[in-house]
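Same chain, two partners: chain A is paired with chain B first, then with chain C.
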Partner chain A sequence: MSSQLAGAGTRIDIQNVTKRYAKSVAVDDVSLTVEPGEFITLLGPSGSGKTTTLNLVAGFTDLTSGSIEIDGQRVDNVPAHKRGLGVVFQHYALFPHMTVAENIAFPLQQRRTPKAEQKTLIEDALRTVGLSGYGDRYPRQLSGGQQQRVAFARAMVFSPRALLMDEPLGALDKNLREKLQLEIKRIHQEVGRTFVFVTHDQEEALILSDRIAIFNNGRIEQVGTSAELYERPASLFVARFMGESTVFRAPVEAAGPDWSMDFHGTRLRGPAAGQVPGRGALVLRPEQLRVAPRAGDAPGGAVKVPVKVVQNIYLGSGHKYELRLPDGSTGIVRTPLAESNGLRPGDDAVVYWSDRDGVLLEDSDLVSTT
Partner chain B sequence: MKHSVLTRSLLWVYAGLVAFVLIAPTAVVIPLSFTDKASLNFPPAGWSLRWYENFFQDPAWMSAFGNSVLVAVVVAALATAVGTAASVGLQKWTRRRAAKSLQALLLAPIVVPAIILAIGVYAIFLQAQMLGTFAGFVLAHTVLAVPFVVVSVTAALAGFDQRLATAAASLGANRWTTFLKVTLPGILPGVVSGALFAFVTSFDEVVLSIFIKSPYLETLPVKMYASVTRDTDPTIAAAATMIMLLTTVIIAVGLLSMRRRKNV
Partner chain C sequence: MSVSLKDPVRQAGQARRTGGAAAASGRRPLRLSPVLLLLPALALMAGVFAYPLAEAMWRSVAYPAPGPQNYQWFAADAGNWAVLGRTLWVALLSAAICLVLAYPYAYFMVISGPKLRAALMVIVLIPFWTSLMIRSFAWIILLQDNGLVNGLLAVLGLGPFELIRNTTGVLVGMVQVLLPFMVLPLYASMNNVDLRLMQASSSLGARPFVSFTRIFMPLAMPGVVSGSLLVFIQALGFYITPALLGSPAEMMISQYIYMQVNGQLQWGRGSVLGVILLVATLALLGLLALLMKKSKRAAGDEGGLL
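Right, the complex of A and B next:
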């Protein structure tokens, strides 16, 4: 976007915020600091409190307890129209009785921007979202993707302190989603403002975000860069939500740095972990695992677990194996093409990995799902 | 669905019959207004425009007509403002039970027999010395007209996407601006039809008006009622025909303008 729209970002401080409804707690003691200029994504399954958190920041919902600060100023009692935040909704929310240009002019009129300046700003905004020349159309004369671009232009044109987006691409098809994801990323880099983005699509979160906050049951499980979340998940929920994983679950013996677990007759070890009382869950990513027909094919120091092959999928760049672990759960392994081994569904095999890999977490799943 | 020719023609005949029963009593008035005799005999023997002439030349008829229009216009404005505000307020009220009860109370004048309302209003106006006053007519008619506005605006609000109002707030619009620039344009058809209903409700109100009229201030329907009971003067038929025309035109224009808005 043009230089007028560029500017320093805003810090958003969410401190111990709780939102209680009559029968449920939508947001439960959430704390999160969004750094100036950062692109942060709130990621989590349906009903985990992402929208509610965003609405609390935007001022559409009153909080039950806690505080929200924007650039150090408390805003919990400031009405939405005075918070100066731009919001993009999943359902576009364009005013149907106004043209595209009138829609984009709306926030400028509220701020009494001079007419001539409005005109330039609107043109700039339309150019940024690739819709120059569409100013005279009505929203219903645009496709879904075009409408969302207009909504984006409208939310950005008044140089908001931060831009909040609630699944803005949720209603679009896959190709368009991917295209707009890249555009959103480009615009974020150009304007350097704080963006808070909500999605339940982890791939989208990976593409866009500087940092991701993982929501579950109204709480934040972990905040971090995608690499941190993938490589050092703080909970089994995060490990499962961020990418594929194979989980070996068993009671932990000798808790502490030198932990070990007895997994159906196999002694599992791994990198030092924090205190894991009771049941443990050792998480391994598909690329950390290998699979071989016989235990003898695996290198000496490796940890080995006998499995049954459920599927061997050829992916062009390599193979993806789906395995049945001794406890009945599913394991996922990805290997490069060079390591093809001819395993077929129904074959007995061995999955193995280096004991320098893996993350030991507390087993939070009371009911086994996989 | 396919219907046999017989079923279809039977349906047409039945529909025609219903339409006839509904319209005929009203339509009888039209030929009556063009009679050349000073009686309300149907069908008229000869034709003339003398009763229209009489209507426009008689100051009593003209002033009654003027009063009716004036009262109806003010009632339409007042009832639309009050009724729209009430509908918006009721919709936003988070205590739904209380809101529903209050709405039922607002709609009561539609169900309560007019004569009961009339006696109550008469008693109060007598004490307040408002009988036969312009303000009295406006107030009494507004009570009757507000429910119609509430019904049609509430329906329009139910079809209005409240998320647009949220979006307006996020763009910096306060509540009043949001209502004027976003909500009102969205519910305009409902507001307009509410206003038209309010106008018509006031314009042909008889029962209450008979109770609160005075020799100095009466509305057209009151004057017509007096005329038909005192003297059988066909001027009343001319007046009735014009009222019918006026209300039909108003409603038709309202409906048409709404349809046009929808198809932009």
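Right, the complex of A and C next:
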């Protein structure tokens, strides 16, 4: 069926790539290797350099320094139309004066595919994106979601070496976005090609990706599977960007890999850190924490910090607490329903956790909350 | 009455309803107001366009005596057909030359930065601020047998060429005058083309030349059509430029009309020429509209220029 689309993936090697504009550095010494057949997502806040990186790979932008290799071949000086990569844009970029079928035929015509073969390829591609029978329509006669599917079909019909997507679902509403996310995942599994996906939606990245590269200020902060990023964030930025967290910030007193810090009168400890920073930020995930009305309710070995309850939200499957830490910052705790304790907003309580949990990171925030 | 006394709520409702009805009926004459507002404009159009047109049509069959003799005169004389043919041909050439000159210019405007673009726009508009007469005389000075252009050509060992008192001179002058009418619609239409589509096209494997001809040009087509129409139609009725830069031996229809009416007091013949020019123009436009409609239906587009 989609056998023509299927094939081995392509390796993309981005090495020390920098893109400087007159007044800013959009991409700053980025290195990233995308493995054949991998689904990798570039995730990061607005202006962090995701689109620029993708455009550098696609060949729409010239790099300032560094190199990009596709399957071991340098492409820095290869123009976009010779790179053989499929690109899906946030704004669809369908040709308005061509029908759906003509749009999808366009890349095949550039490759001088025989007419008869074009026809079957177009039908296959339309079937893959669930739009059989729409070939004669014009783009403006389609909904946004349908247009984006056509854009996918057009970008994949010529069996590109890899598929690059820049926030392809950004313009769609939530329901449609979730539906198309699953379709993209399915298509990736079907065709087994290398996919590079750009988004600033953390949840979308978790659903789709084999690996995620976290961008910040034109640099990659960390690359890894979602579990790696969530459980072993390399920086406070990554910890905050990937899911909810509670951060305890204080100067660190270290002796070798063992460390402790004095957080407003409480001695905090945790797992040994590779590199012990001077100003520490101990990160704990909501499900690693517990709350109790009194310190005595917590198990003996636990680390305990006094807090004030700001909110106690009933979620059906459990409770979510919002807490005020002694330094004024906010803590988030999720507990199973069985551990309900009747705490109410305004109550004094104790947050506690096992000293085997937590990740000590360098406190990179310039302004500290007091 | 007694009901309404017992039921003040309903009474109030009723009052509101009748009040509403009164307000509605009071508003009704106001609904005509758009038409009323259009009346002065319609009167102006009738006075300035419809009346002279009707008058010309009337004169073409009524002067000097009632009957079709003016049309017979036109049909019988091959010279008349030659003038009509030359007029259409020169107008068509003007439009074509304007298009060839304006297309790259407008494209350059679209792809250049804001400052350069503003400068290019001013250069297009400057001729608008200069009198047509002065510009035509300037061309005479430049193009005459011992003028600047022939002088420069002589340096290269060429010429001298006859550049005025013929169709060449007319074309040079008309193209210069009409160029802005081609550049502006072209620019407007090209500016509407999403240049990101060219990126998409190159990502799909199209060479820059293919992206330009298969994506950019079709999408900029409306500007080509409206610009060409503007130039062509204005060129048909041009008088001053052909009169100053052309020759009586290669007359255009507006000069011919002037000659018939002013020189020979042949109001009827002058009117026939005018009517025939109008009919020929309408016929051409009709044909074009038909072609556009076909190509537009193919593009699934509703509404548009014509």
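In the analysis below, the second predicted complex is superposed on the first by the 364 of 370 C-alpha atoms of A that agree within 3 Å, B and C clash if a C-alpha of one lies under 4 Å from a C-alpha of the other, contacts with A are read in each partner's own complex, and residues count from 1 in each chain.
As a convention for this text, contacts are C-beta pairs under 8 Å (C-beta built on N, C-alpha and C of every residue); 3 or more make two chains touch, one makes a residue touch a chain.
On a predicted model such as this, the values are computed, not experimentally measured, just so you know.
Trainee: Quick one: chain B and chain C on chain A, clash or fit?
Mentor: clash
Trainee: Name the contact category of A:141: first (chain B only), second (chain C only), both, or neither.
Mentor: It touches chain C, and chain B stays clear.
Trainee: First (chain B), second (chain C), both or neither: which does A:270 touch?
Mentor: neither
Trainee: Applying the document's definition of touch, where does A:233 land relative to chain B and chain C: first, second, both, or neither?
Mentor: neither
Trainee: Classify the contacts of A:49 with the two partner chains as first (chain B alone), second (chain C alone), both, or neither.
Mentor: In the superposed model, A:49 contacts neither chain B nor chain C.
Trainee: Where on chain A do chain B and chain C both make contact?
Mentor: Dual-contact residues (chain A): 58-60, 79-82, 84-87, 89, 91, 93, 95-97, 106-107, 110-111, 138, 154-155, 158.
Trainee: Over in the complex, which chain A residues touch chain B? Could you list them?
Mentor: Counting only chain A, the residues touching chain B are 58-60, 79-82, 84-87, 89, 91, 93, 95-97, 106-107, 110-111, 138, 154-155, 158.
Trainee: Where on chain B does chain A make contact in their complex?
Mentor: The contact residues of chain B facing chain A are 161, 163-164, 166-174, 177-178, 181-182, 185-186, 264.
Trainee: Quick one: in the complex, what on chain A touches chain C?
Mentor: Residue list for chain A touching chain C: 58-60, 79-87, 89, 91, 93, 95-97, 99, 106-107, 110-111, 138, 140-141, 154-155, 158.
Trainee: Would you pull the chain C residues touching chain A in the complex into a rising list?
Mentor: By the definition above, chain C touches chain A via 194, 196-197, 199-208, 210-211, 214-215, 218-219, 299-300.
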